[in-house]
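Quick heads-up: structures coming right below.
Two complexes come next, and they have one chain in common, chain A, joined by chain B in the first and chain C in the second.
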Partner chain A sequence: MASTANEQAPSYPTAIAFCLTSTIWFAAATSFGMIAAGYLFAPDFLANIGWLHFGKARPIHVNLVLFGFVTPGLLAAGFYMIPKLLRTELFSEKLGVFTAVLWNVTMLCAIVGIGAGYSQGREYAELPWTVDLMIVVLFVLVIFNILMTIRQRKESILYVSVWYITAAVVLTGTTYGIGNVIWKPDTGALLGIPDAILLWFYGHNIFGLLLTPMGLAVAYYVLPIATRSPLYSHTLSLIGFWSLIVVYTHIGTHHLLQVPVPTYLKVIAIVDSVAMVIPVMVVLINLWFTVKGKWAEIHQDIGAKFVFAGTIYYFFVNIQGSMMSLPVVQRVTHFNNWVVGHAHIGVLGFAGVTALGGIYFLLPRITGKPIYSRFLADLQYWLVLIGITGFAIVLTIVGLIQGQAWINGETIYRVLPQIQPYYIARASLGITIMLGAYIGAYNIIRSIFFNPGATAK
Partner chain B sequence: MYFPYLIAYMLAGFVISLITFVWALNAGQFKDQQRARYLPLQGETGPASARPSRFYRFKIIILFTLACSGLVSTAVVIVLIVLQNP
Partner chain C sequence: MKMTLTAIVAGALSILALIIFIMVFLPYAQQDTTPSNIWRDRTQVEAAGRKIYIANGCVYCHSQSIRAIDWGFGGERIAQAGDYVGDEPILLGSARTGVDLSQEGGEHPDDWHVAHFVNPRYTRPSSIMPPFKWLGIKEILTLTQYVQSLGFKQADIRMKRQRHWKRQAIEAYEAGPDVNARWLAEQVPEGWRNIPNPYPTTPAGLQRGHKIYQEFCLGCHGPIGDGMGPAQPWIYPPPLNFTILKGREISGGIIYYQLMNGITGTAMPYFKRELESQKIWEVGDYVAVYFINQSDANTDPRGIDAAWEPYLEFEPE
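Up next, the complex of A and B:
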C-alpha cells in the first residue's frame, strides 16, 4: 500500500467505522428530511404509507441527523485525534468498533421504533424507551474508551480538543437519561410544565453540550494542522471551554418564554443566552487568529475548508441565538420557521459541516492515500453550503411571515397559501443537501475501500 | 413538582465540572500553555497538500459575500422587529 505517512501508523478502525456510520446515516437522514419537506407543500404526499407520514418522518429525520450523522461524524474525528494528541493508542479498538456496530443497530431500532408509532413525542427526545437505554449504553462505552485512553496517555497536558470531547460525552451520557425521564418507560415524560422545563434543559444541551463542544474540538485540531500554525492561545481556548460549561448548561428555558414557568428560570436563560457571546467570540477569535493569513493552506485541505465554513456558521447561529432569546425578538421569531432555520444553521451548518470536515481531514491520514476524488468533495462542499445558506434565508422569510401573521391575529389557514412557495423552495434546497450527502457517501466509501490512491484532483 | 429532577440535572453537570476543574488545577493542566499550543502539530506528517485551484480567490469572495449577506440580513431583521415592537 502506498503511504505518505508512517508505515507503522495505526489503522484507526474505530475512526473508520464511525466515518462510515456518519456517512451512511447522513444520506438516510436527508432522505427522511426530504420526505418530511414534501408533506409541507403537498400534504397528500405518500399519505397512504402509515409509517412515513409527517409525524413519523420528521422525528426520524431529526434523530438520525443528531445521533446518526453528526455525533458519529464528530466522534470519528475524536477517536482519531485523541490518541494522536495524547501520544498513545486508543484504549480498545475492538470496543470502539463494537460501539460503532451497536450505534448502527441503535439507529435502525430508532427508525423502526418511531416508524411503528412508539415516539415519546418530546422534541429531540422522541426515541422510544428501549432506544434511550441503548443510547445510554453507547455513551457509557464511548466514555469508558476515552477515559481509559486518557489514563494511559504519554502526554501530560490535555489539549483543548481532548477537554471538549471528553466533556461532551461525559455530560451528555450523564444527562441523557435524566432529560429523557428514563425512569418512566411508559411515557418518558413528567406531567405538565415541569416536563417542558426538563425537556428544554436537555434539548438545548444536545446542541450545547454535545454537538458544540465536539465540533469545536475538531476545529481546534484541524485548523492548526492544516495551516501548520500553533494555536493562537491555548489559555484563551481553556477560558472558552470553561465559560461554555458555565454558561451553556442552563439556557434551555429560553424556549419557554411564552410559557408559565418560574420567572427566575427565564431570567437565567436570557442572561446566559446573551452571555454566550463570550465563549463564542473567545473561540472564534482564537481560531481565526490561528489561521490568519493562511487562506491558501485552508483551501488546499478540503477537510479544513469544511471546518472553516463551520466556524462561520457557528458565529451566525450563536449571535442569532443570543438575540433570539430576547423576549421582544421572540414575539416574532418563536413558534415558527425562523427557529427551524436557526436549528438547521446550527446542527447542519456548524456541527454537520464540521463533522464532514473532520472526516475528510482524517481519511487521507488514516488510509495513507488522498481521498478518492477531490472534485466530488468540493462538489459536496458547495452543494451543502448553498443548500444550508438557502435554507436559512428561506426559513427566515417564512418565519417572519408567520410571526407577523401571529401578531396580527391572522388565522393559520389563511397564512398557509402564502408560505407554500417558500416550502417548495425549501424542498428544492433540501435536494441539493441530499445530493451532497449521497455524493459524499460515494466519495468516502470509495476513499476507504476502493481507492486506487492516485485520483485526487 | 419539578425541583428534584431539575436539581438532579443541574447538579450532575455542576458536580462533574467542579471535580474535573479541581483535578485539572492540581494536575497542572493550566501550566505550560505555550507548549500546549503546539500539541496538534507534534508528529504530524500529513499527506502532501494539493495545489490550490485557480478558483481560489473567487470561492473565497463568494463565501465572504454569503457570510456578510447573512449577517446583514439578520441584523436588519432584528432591528426592524425591535423598532416595530417597542
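Up next, the complex of A and C:
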C-alpha cells in the first residue's frame, strides 16, 4: 500500500493541465470545423481570407481534433489512471505540467504553420517539420514520464489500461516520426507510390495505435469502477490487446484499393480489415459483460455514461470500417462524404466521447468535489450525441448520393447542386457539436477553478 | 500470460517492426520506378505551382487518381504507378468534392483557369470551390502552369491544341461578328449544320433549358445571353454574345455540336461528359428562343414524328 501522505494529497496537476488543454482545443477545433463546413454550402463565406479558406481550415480542424482535443483528453485520464493503478505518484508532475504547456504551444504552432501555408500536403501528416519535431519531443516526454512511473510502481500487477496506454504512446512515438518522414525536412514525404503506402499506414495508425488503445484504456478503467464490477475476463483482455496491435497495423492500405499498389498489400489490408471484428468484439464483449445489468450505475456517473456511449460508437465504426474495406462497397463509398462520416464516428463518436468521459470521471475524484454542473454535462452529452449521430446519417446519405451518381456516369458538377441542402444540415449539426464543446469547456473550467462544491447543482 | 513492462514494450515494438517491414518497407524496396509513357519532368514554374497547390490544401477536394470505374475528366486513362514517380509528396487525395485533376492539363485554356481561380463560379456556376483572388495574379498564373501540366505529355499535346485553336478563334473574333459567326458554324461538320433542333419548343423544355443554362452557362454568357457574365473581363476571346446571331444561319444542330464538343482554344468547354442529349438540345433551344430570338425547333427535316411530341403548336411569348 502507498503511504498515507500520498493518499491524502493526490492533486494530479498534470491530469488537470491535460483536461484544460483538451477542452479548450475541443472548442477551437470544432470552430475551425464549422468554418470548413460553412465553405461547403456557401463557398464565398469569408472569401479571400487567405489563411482561413477550406483548404486550410480543414487540416487545422483535423489536426486540432486529433492532437489538441482527443489525445490530450485521453492522456489526462492516463496521467490520472497510471499512478492510481500502480499505487504510486507520477514520476514527475513538474515534467507532466511542462509537457502540457509545451503541448499547447505546439498546437498554436500547428495553426500558424498550416494557416501560413507550410502544410506538407499529406493528409494527417500536414504539420510542418518543426511542429513534427515538437510532437515527437512531446511523445518522448510522455513516454519517459509514464515508463519511469511504471518502474517506481508499488503494485506489481499491470492492469489492462496500463498495457494500452504504454503501447499507445510507445508505438505512436515511433510511427509518428516514420510516418511524417521526419528525416526529410523539406518535403516530409517519400517519392511516388511508396509515399501513399507509408502515409496511410501512418494515418490509419493515428486512430489504430493512438486513439483506440488510449480510448480502450479509459473504458477498461472507468466502466468497472463506475459499476463496481470486476473485469469480466483477463483472457479476453489479453486477446483483445495483442490482436489489436497485430491486426490494426496491417490495414492502412485499404485506403489505396483503387490505386496501383502491389496486390498483396491490398489483400492483406482487406483480410485484416475484416479481421478487425476480432479485437473489436473481444474487447466489447469483455467490457459489456463487465457492466451487464448495471445501467443505473452507468447512468449515475456522467463519466461512465460518456464512456459507455463511446463503446457503442466503437462497435459501429468498426463494423462499418470492415464493410467499407470490401472492394465492392468501396466502389461506391470511396472519395466521398461517406468516409467523412465514418471518420467522425470514429474520432468524435468513439475516441472524443471517451476522452470527455475520462475527463468527467476523473475531475470529481481529483478535486474532491462534484463537477460544477451535472445538468450542463448532460446537456453536452446530448448535444454531442445528437450532433455526431446526425453527422453519421447525413454524411452517409450524401456519400451514397455522390457515389451512386458517379458510378452511373454523372459528373461532379451535376451532383454538387443536389447535395447542397445536406451540407446545410451537416453544418447545423456541426453547430450542435460546437455548442457542446463550448458548454463542456465552461463546465470543465468551472469544475477546476471556481467550483463551489457540493452546493452547486 | 503475465504482462510485464518488457512484454508490453518489446512485444508491441517487435510486432510493429515486423509489420512495417512487410507493409511499408517491402513495397518500398520492390517498387518499380520506371516512369509511365506519359510522364515527363516538371518545369521550375510547374514545381512552384505545385507548392502553391500543396500550401492551399487543394488535395482535400481534388484527387489525382483515376480508377477503372471513373467517368468524367481524365476518365480515358486509368492511373499507373509510373505516373507518380516524380511526386514528393504524392497527391492522390481522399475526396472528390471537386473534379479529379489527373488529366486536367489542357482541358481548358489558361484564361479559363485565371477566371476560375479569381472566382470558380465565374466559369462554373455550381462550383463550391472557395475563391482564390487573394493569391494575386502572379501566384494564380504559377498555379495555372502546374494545373496545365497535369497529365504530363498528354497535357502538353492538349495545350498545343489549345494554343493552335486560340489563334484562329481570336482571328475570327477580331474580324467582326459576321466572320466570327461564320467561322463558328464552319467548324461544325456539314451534316450537323443542316439539322434543326429535333425537340419542339415547349414551356417545360424551356424551363429545363433555363435551369441548365443557369448551372452551366451563366458565368460566361451572362443572364441575358450577351456574353457579359462575370467571367468576361478575364477571358479572351470574350464569351459569345448570342444576341448577334439572329439571321446568321445558326441551326439547332450547330448549337448542339458546339455545346457538345466545346470550342477548344476558347474558354468554351465541351459538355458531352456533363449533359445528356436532351439536356443539350433543350438548353440550345432556350438560347435560340430567348437570346437569338430565332429557333428552328421541330422544323423540317424531322423524319418520323416522335411519339411523345405535343399535338398543339406552342408559341413563346
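Note that in this section the second predicted complex is superposed on the first by the 446 of 457 C-alpha atoms of A that agree within 3 Å, B and C clash if a C-alpha of one lies under 4 Å from a C-alpha of the other, contacts with A are read in each partner's own complex, and residues count from 1 in each chain.
One rule holds in what follows: a residue touches a chain if its C-beta (ideal position, glycine included) is under 8 Å from a C-beta of that chain, and two chains touch if they have at least 3 such contacts.
What you are looking at is a predicted structure, and each value in this text was computed from that prediction instead of being measured.
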Which superposed partner A:385 touches (first chain B, second chain C, both, neither)
first
Check the residue A:224 against both partner chains and state whether it touches chain B (first), chain C (second), both, or neither.
first
After superposition on the shared chain, which partner residues are touched by A:245: those of chain B (first), chain C (second), both, or neither?
both
Looking at A:13 after the superposition, I want to know if it touches chain B, chain C, both of them or none. Which is it: first, second, both, neither?
neither
Check the residue A:48 against both partner chains and state whether it touches chain B (first), chain C (second), both, or neither.
second
Answer with first, second, both or neither: which of chain B and chain C does A:150 touch in the superposed model?
second
By the touch definition at the top of the document, which applies to A:171: first (chain B), second (chain C), both, or neither?
both
Have a look at where A:198 lands relative to chain B and chain C in the superposition and call it first, second, both or neither.
both
Which residues would you name on chain A as touching chain B in one complex and chain C in the other?
158, 167, 170-171, 174-175, 178, 190, 193-195, 197-198, 201, 209, 238, 242, 245-246, 249-250, 331, 407
Name, in rising order, each residue of chain A that touches chain B in their complex.
4-6, 81, 84-85, 87, 155-161, 167, 170-171, 174-175, 178-179, 181, 190, 193-195, 197-198, 201-202, 209, 220-221, 224-225, 228, 230-235, 238, 242, 245-246, 249-250, 295-297, 299-301, 309, 312, 316, 319-320, 323, 328-329, 331-333, 364-365, 368-370, 374, 385, 389, 392-393, 396, 400, 407, 456-457
Please name which positions on chain B make contact with chain A in the complex.
1-2, 5-6, 8-10, 12-14, 16-17, 20-21, 24, 27-30, 32-53, 56, 59-60, 63, 66-67, 70-71, 73-74, 77-78, 81-82, 85
What residues on chain A touch chain C, complex-wise?
39-41, 43-44, 47-50, 53-56, 58-59, 117-123, 147, 150-151, 158, 162-163, 166-167, 170-171, 174-175, 178, 187-199, 201, 209, 238, 242, 245-246, 249-250, 252-253, 255-256, 258-262, 265, 268, 331, 334-337, 339-340, 402, 406-407, 409-414, 416-417, 420
If we count contacts the way the header does, which residues on chain C are in touch with chain A in the complex?
1, 3-5, 8-9, 11-13, 15-16, 19-20, 22-24, 27-28, 30-31, 33, 53-61, 63, 65, 67-73, 79-81, 84-99, 119-121, 124, 126-135, 215-216, 273-274
